[in-house]
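Take a look at this one; I'll ask things after.
The first chain written gets the first letter, and so on, giving A, B, C, D, E and F; residue counts start at 1 in each chain.
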Amino acid sequence: MFSPPKILERKLLEILAEDIGQGDVTVSAVIPVGIDARGSVIAKQAGVVAGVEEAETLLESLGLEAKALVKDGQEIKPKQILLKITGDARTMLAAERTILNILSRMSGIATTTRDLLEKLRKAKLKTKVACTRKTAPGLMYFDKKAVLLGGGDTHRLHLDDMILIKDNHIALVGSVQKAVKMAKKNASLSKKVEVEVTKVEDVSEAVEAGADIVMLDNFSPRKILETVALLKKRGDYGKVLLEASGGITARNIMEYATTGVDLVSVGEITHSPRALDISLEMTSVKKV
Amino acid sequence: MFSPPKILERKLLEILAEDIGQGDVTVSAVIPVGIDARGSVIAKQAGVVAGVEEAETLLESLGLEAKALVKDGQEIKPKQILLKITGDARTMLAAERTILNILSRMSGIATTTRDLLEKLRKAKLKTKVACTRKTAPGLMYFDKKAVLLGGGDTHRLHLDDMILIKDNHIALVGSVQKAVKMAKKNASLSKKVEVEVTKVEDVSEAVEAGADIVMLDNFSPRKILETVALLKKRGDYGKVLLEASGGITARNIMEYATTGVDLVSVGEITHSPRALDISLEMTSVKKV
Amino acid sequence: MFSPPKILERKLLEILAEDIGQGDVTVSAVIPVGIDARGSVIAKQAGVVAGVEEAETLLESLGLEAKALVKDGQEIKPKQILLKITGDARTMLAAERTILNILSRMSGIATTTRDLLEKLRKAKLKTKVACTRKTAPGLMYFDKKAVLLGGGDTHRLHLDDMILIKDNHIALVGSVQKAVKMAKKNASLSKKVEVEVTKVEDVSEAVEAGADIVMLDNFSPRKILETVALLKKRGDYGKVLLEASGGITARNIMEYATTGVDLVSVGEITHSPRALDISLEMTSVKKV
Amino acid sequence: MFSPPKILERKLLEILAEDIGQGDVTVSAVIPVGIDARGSVIAKQAGVVAGVEEAETLLESLGLEAKALVKDGQEIKPKQILLKITGDARTMLAAERTILNILSRMSGIATTTRDLLEKLRKAKLKTKVACTRKTAPGLMYFDKKAVLLGGGDTHRLHLDDMILIKDNHIALVGSVQKAVKMAKKNASLSKKVEVEVTKVEDVSEAVEAGADIVMLDNFSPRKILETVALLKKRGDYGKVLLEASGGITARNIMEYATTGVDLVSVGEITHSPRALDISLEMTSVKKV
Amino acid sequence: MFSPPKILERKLLEILAEDIGQGDVTVSAVIPVGIDARGSVIAKQAGVVAGVEEAETLLESLGLEAKALVKDGQEIKPKQILLKITGDARTMLAAERTILNILSRMSGIATTTRDLLEKLRKAKLKTKVACTRKTAPGLMYFDKKAVLLGGGDTHRLHLDDMILIKDNHIALVGSVQKAVKMAKKNASLSKKVEVEVTKVEDVSEAVEAGADIVMLDNFSPRKILETVALLKKRGDYGKVLLEASGGITARNIMEYATTGVDLVSVGEITHSPRALDISLEMTSVKKV
Amino acid sequence: MFSPPKILERKLLEILAEDIGQGDVTVSAVIPVGIDARGSVIAKQAGVVAGVEEAETLLESLGLEAKALVKDGQEIKPKQILLKITGDARTMLAAERTILNILSRMSGIATTTRDLLEKLRKAKLKTKVACTRKTAPGLMYFDKKAVLLGGGDTHRLHLDDMILIKDNHIALVGSVQKAVKMAKKNASLSKKVEVEVTKVEDVSEAVEAGADIVMLDNFSPRKILETVALLKKRGDYGKVLLEASGGITARNIMEYATTGVDLVSVGEITHSPRALDISLEMTSVKKV
């Protein structure tokens, strides 16, 4: 998920432009032209920082000097200074909220992801944790990148990525087996094929049809254990990746992660993250 | 916040286009051309629905027939059908996640807003509840509209709205009074002027300088009560609107709402909302 | 109305790109690659200059060096040099007309605005002069900013600004009073509420319903004086801002400005401004 | 200058979107959802109407029914109804100002153009009247089309159109002759070559070098007569088109048009047009 | 690669808008308003048609009625009618070249792809034929979709698709093995990992490191045979997909396709396709 | 066709952004942050280079240092280094394919154009060679510019350029003569008028009606010779430019070029060019 800063800049300026509208009327009314300021972006909470690259890219694009004191993905403490900014006061004030909104959301997502992974690490589990496409509308790039920085798996980046056959596809096609066979026949060799199943029996069908990944959708941990047992019995365990999905949260993740699946996917990381509290303080400035 | 559907369509297609990328490879591989489907958008949780207009606009723009069974802002129950959709199966599948992401986030925000207002209504309080500009990056329109549908106050829609003089502006200008005076002198008569204060004494200064709204930033409920008492004593209470802001959450909102302020603003409504669980089920379809 | 230059640049490049089309064929045919030129942007008429920030932003974005010798809002004389430009001759020639069109229109608007204000200033009147949303299509930003630089009030910057209930709204709602009450109930506390009235009686109705500004639409100066008298009699004068609007021009503005209203709005400032004559002369250059 | 309506729609929606911003707050607060209205677009002044196609295209794109009662380029009288509109009241109100701004500006330009041509027609002159690229910034399409509807010549539509060698090009290249020769050598055969001259002698030089059109820039009518005489003497008259340009206005156009030039170009048609007064009246409506 | 028509429409209108510029001046000058026409899109050469969906989508978006007589991917004969179009003559003429350019290029690519596959089919080979990212700049969507319609494999749709480690990546990382290991460690489980190798020895290294696909870059057919033999000997044949790439053309493809690789990729399909000759004939029309 | 680099940059970033999608996953997984690289863009074939300005503009816009060793339009040899690039390795890798696709296509077109012109030059012919609007969809700018760099005539740059009356226009209008007369009456004096004829008799009709250029469409060389003879007999030869068009290729161009026409237009230059083989080699780099 590397985007050259100039490409990233386009998305960032679009976001800022929406907030500016026809212009910042407060800055225009109260801040004289030509004043320089210094700002410090400061964490108010502990967590994993994300969005530093985005903040730097936007600030520098606006002609401000930005110096990051932390790296994306790094753990931060309350009161820690994340970036120092210098330059035109009007521009800094007009960009303040956009910068903070990006940092707060991305850091919130990265922190939640890391917290889940820490639980697994403590139990010495190697199960991966993935997000879903349940992001804030239009924020796929930012939300997925934050998951990656938190140590999670981004899963599909959009619909042209990997084949993922879900319940509604199967409802239309008729069966897991038929859908997977069509996918194997029609899709590019460059794509993996994943299929969502709702019954234990469908797993073997999917394996035989050539799926690369099988998503066990809304399976209870007990049902997953049964599935794993069945696959082992048949000698199919390890032939496909197994993903547990549906209703998995911070509270129950360990029950799923210990079943023998390769991957658990957690929707709430991106659809309901808590923003990390981060603010901008203009600490020193040439007075007007 | 009324946007003609054709204008709204542009934002919605932009969001969908990001998710489509170079094309939905799953649909392309497994769903034949020319299949029609029926879908039901179903709530999995109780709450206040929002985003119905957005969903309908996008679905109809894509050539699907969409029939809303609920109105934006209405309370909904688990298993309630929100929209019925008919039309091309490939298009419906490709738009599924975008539609659900919009509905889930907007309904989550509307539900949270309504919950806060219900608390106040039960206590017969007329205090208004507002959101802030702490939205998901670039989602100001959707987040603010959801707050409105939940019954909240949208506060500023972007930076060309109302004058709002905050801590960093004051740090640069030197004093609350000076900043408000500059605003009254330079700003359009069409704008209200709000100023954020951190000390009780600044309130009177702000009132005298002509502020329309005073934001009591990070004042404890006790400090707000003192401020109100002081204003009443001076005969200034009622001359300006008072807004309590900073650290207000669902847990402590009643302490603030009962102090005599006109408005409490709550950042978490838009920066950390929980998405409402909503899904699409394709219930009936001409089989392939 | 402060827009960070990088945000402004997007609008400016859009305008230039339209003029360039597939490329400047004259420059391509007659000006060799790699020639540097110097240019002077020169006023041909006296007036108030506006658009200097826009010109500088565009020129520098294009890689030309631009040095402004005047400030936006400053009075200029015929033959006065406004900017000096240095850099690639082909680029300068391709941008010439776009730069001049922006400066000429914005300066024309600023000059007209200032002229009106000078009339009022000479009569020691403090009445404000505002423009309307009757701008050239799509040029709201540039036209409004030019009014501001001329000393005028920008009034609404777009439709998400202040509530302004006009004749057609009232025709649909039924009465001034009902419309204002709905506005006060439904609108954000951050918005002022203005209402357009056509009868003297409606003014008191509007005041009682809680309007912040009352627009006296197409009232003759005599009718405005009657209205002011009535409001004074009732003790309502000063409780709302009064705006005179409709048919006000440079010729009759003093008759309106002396009636006791706070604001007169003049459509022709932005819908029919005369461009200020400004040209680019390339005075010195390395010959081909 | 025919643009398929769907292409035109993109420009029009861009203009409307700027005015809408985050949404029309007045309509949202005071006009209920689901109200239909009827509107009449009415001329307040006589003139030549232009922008009807643009208004219809935008209105229909927004889902409103628009019926034009006049054709673009037609003469209209005060109180004449130009279009009748039916449909959603909220949408009609939100689009009102954008529609009127387009019609007013375009009709103002068409009217001015027609007035100039009428003067010439009365004198039985066949001299053409052209506009320049001195339009409102970014409005090249609308301004040029209005000139065309008024009966004028659009001249260049942007910089990839015809070669036009102006003073600054010649200053860099060294001489009229050299510049025209380079143009003839390097430019596509599909392009005409026009050159601006400031001296009588340069005209013959331009003709010899192969120019298709010679622009007599800031020549007095007397100087043009001398030039025509000279060209006739040399047998060059009629070999190139002659264009008079610079300082030509409604007041002096006849002096230029009678000199024997093929074309007079008038900057003020597009840089300083007076808008035609046009308004929208909602005459009948289902009351709320 | 299914894109909902409304999303596709955006790309298509962008392409048309570039060609229209400020308007079609020929249509404007010679074709009266309000004339209807019928058109037939006719093949001048045999081949495989592609771009029919794109043509229909654009034509219908423009308000023309389009009836396709062939399906994308179908074989067509000279003189065969591909689409019939009815509607506004001016619009049809303005869109003619854009429609034909899309059909000609896409059909040219589909035809070339099919021809290659026919060769393989005649030899009863199941080797797949893929294109590369060597498309016309910015035409990834159209070029890849045409390959798919011709029966080829689209390979990566852009850089966020599958991991593909190429020569320059390896040059920077140091070795095939190291690069593949990093990819397996850092990449999402949803991605396949392909690596380009230039030496026989690197193949086993890649297999061991966990690559899903190995690209044998610029291997001669003989060298590929050696590689296959070696893999078989080691028991690694079939564990990874093998792709032959580099210098493969219509002339030598059989030598590569018979070596035992799973996939041959051919750059010239998309970087140098011959357009299929297709034209629009307006066969019947209401005369002016 | 000179476009200021900043305007060109917009098109180039659009193309790159499509290829990047949500981010380069390969670079992200295997190339560490902060590594610098050096790259050489190297020709693998002889030809005429084009696209160097585009490559430099894009590379520098991305923050890479680009040094061109050749000029656009220059002849190059196999193994010749075209550009040297220095800077961030991740950015260089992500932009590699886009840069090469632009250079390969543009150089392929320029080379084909130059080859045709060389044939004519060797025969001492001054006939011009033009391309048509049959470009890759949406690549009008790049394709036409490459033709110009190869020495060809760009012909129309889009539909607002020159009047060109083609077969379908005439089918609708009724006759060549009528169409040309309408064009002369309605079109701007700044436009040339070209008309396509299919019969010898139409040529004189076109000349009389005032056409500037007559396109002899699908005339055999023999038929062109007859036409030229007829025009000479009538004294019309030289009064209009003659263009031969339709089915002209590298194989038969000399037969057309020697007939006495001014211009031959060749569709395949832009609709079916062979890309020139150009690659990027990262030759030296700080190892990871």
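The rule we apply is simple: a contact is a pair of C-beta atoms (placed from the backbone, for glycine too) under 8 Å apart; a residue touches a chain by one contact, two chains touch by 3 or more.
Keep in mind that this is a model prediction, so the values were computed, not measured.
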{"item": "Farthest chain (mean CA position) relative to subunit D", "value": "A"}
{"item": "Copies subunit D and subunit E touch via same or different residues, half shared test", "value": "different"}
{"item": "Contact-richer chain pair [C-D vs B-C]", "value": "C-D"}
{"item": "Approximate Å spacing (C-alpha centroids) for the pair subunit B, subunit F", "value": "51"}
{"item": "Whole-Å gap separating subunit C and subunit F, where each centre is the average of the chain's CA atoms", "value": "44"}
{"item": "Computed distance of Cα centres, subunit B from subunit A, in Å", "value": "22"}
{"item": "Separation of subunit D from subunit F, taking each centre as the mean of its C-alpha atoms, in whole Å", "value": "31"}
{"item": "Per-residue overlap in subunit D, given as positions that touch at least 2 other chains", "value": "1, 20-25, 27-28, 31, 94, 140-141, 157-158, 160-162, 188, 191"}
{"item": "Subunit D partner contacts - residues on subunit B that touch it in the complex", "value": "1-7, 10, 140-141, 144-145, 148, 157-158, 160"}
{"item": "Residues of subunit D that touch subunit B when the two form their complex", "value": "13, 16-17, 20-25, 27-28, 31, 61-63, 90-91, 94-95"}
{"item": "Residue numbers on subunit D that touch subunit C, as the complex places them", "value": "14-15, 18-31, 35, 37, 39, 89, 93-94, 96-98, 100-102, 104-105, 108, 133-142, 157-166, 168-169, 171-174, 179, 182-183, 185-188, 191, 268, 271-275, 280-282, 285, 287-288"}
{"item": "Complex contact set, residues of subunit B against subunit C", "value": "1, 128, 130, 153-158, 160-162, 188-192, 194, 213, 241, 262-263"}
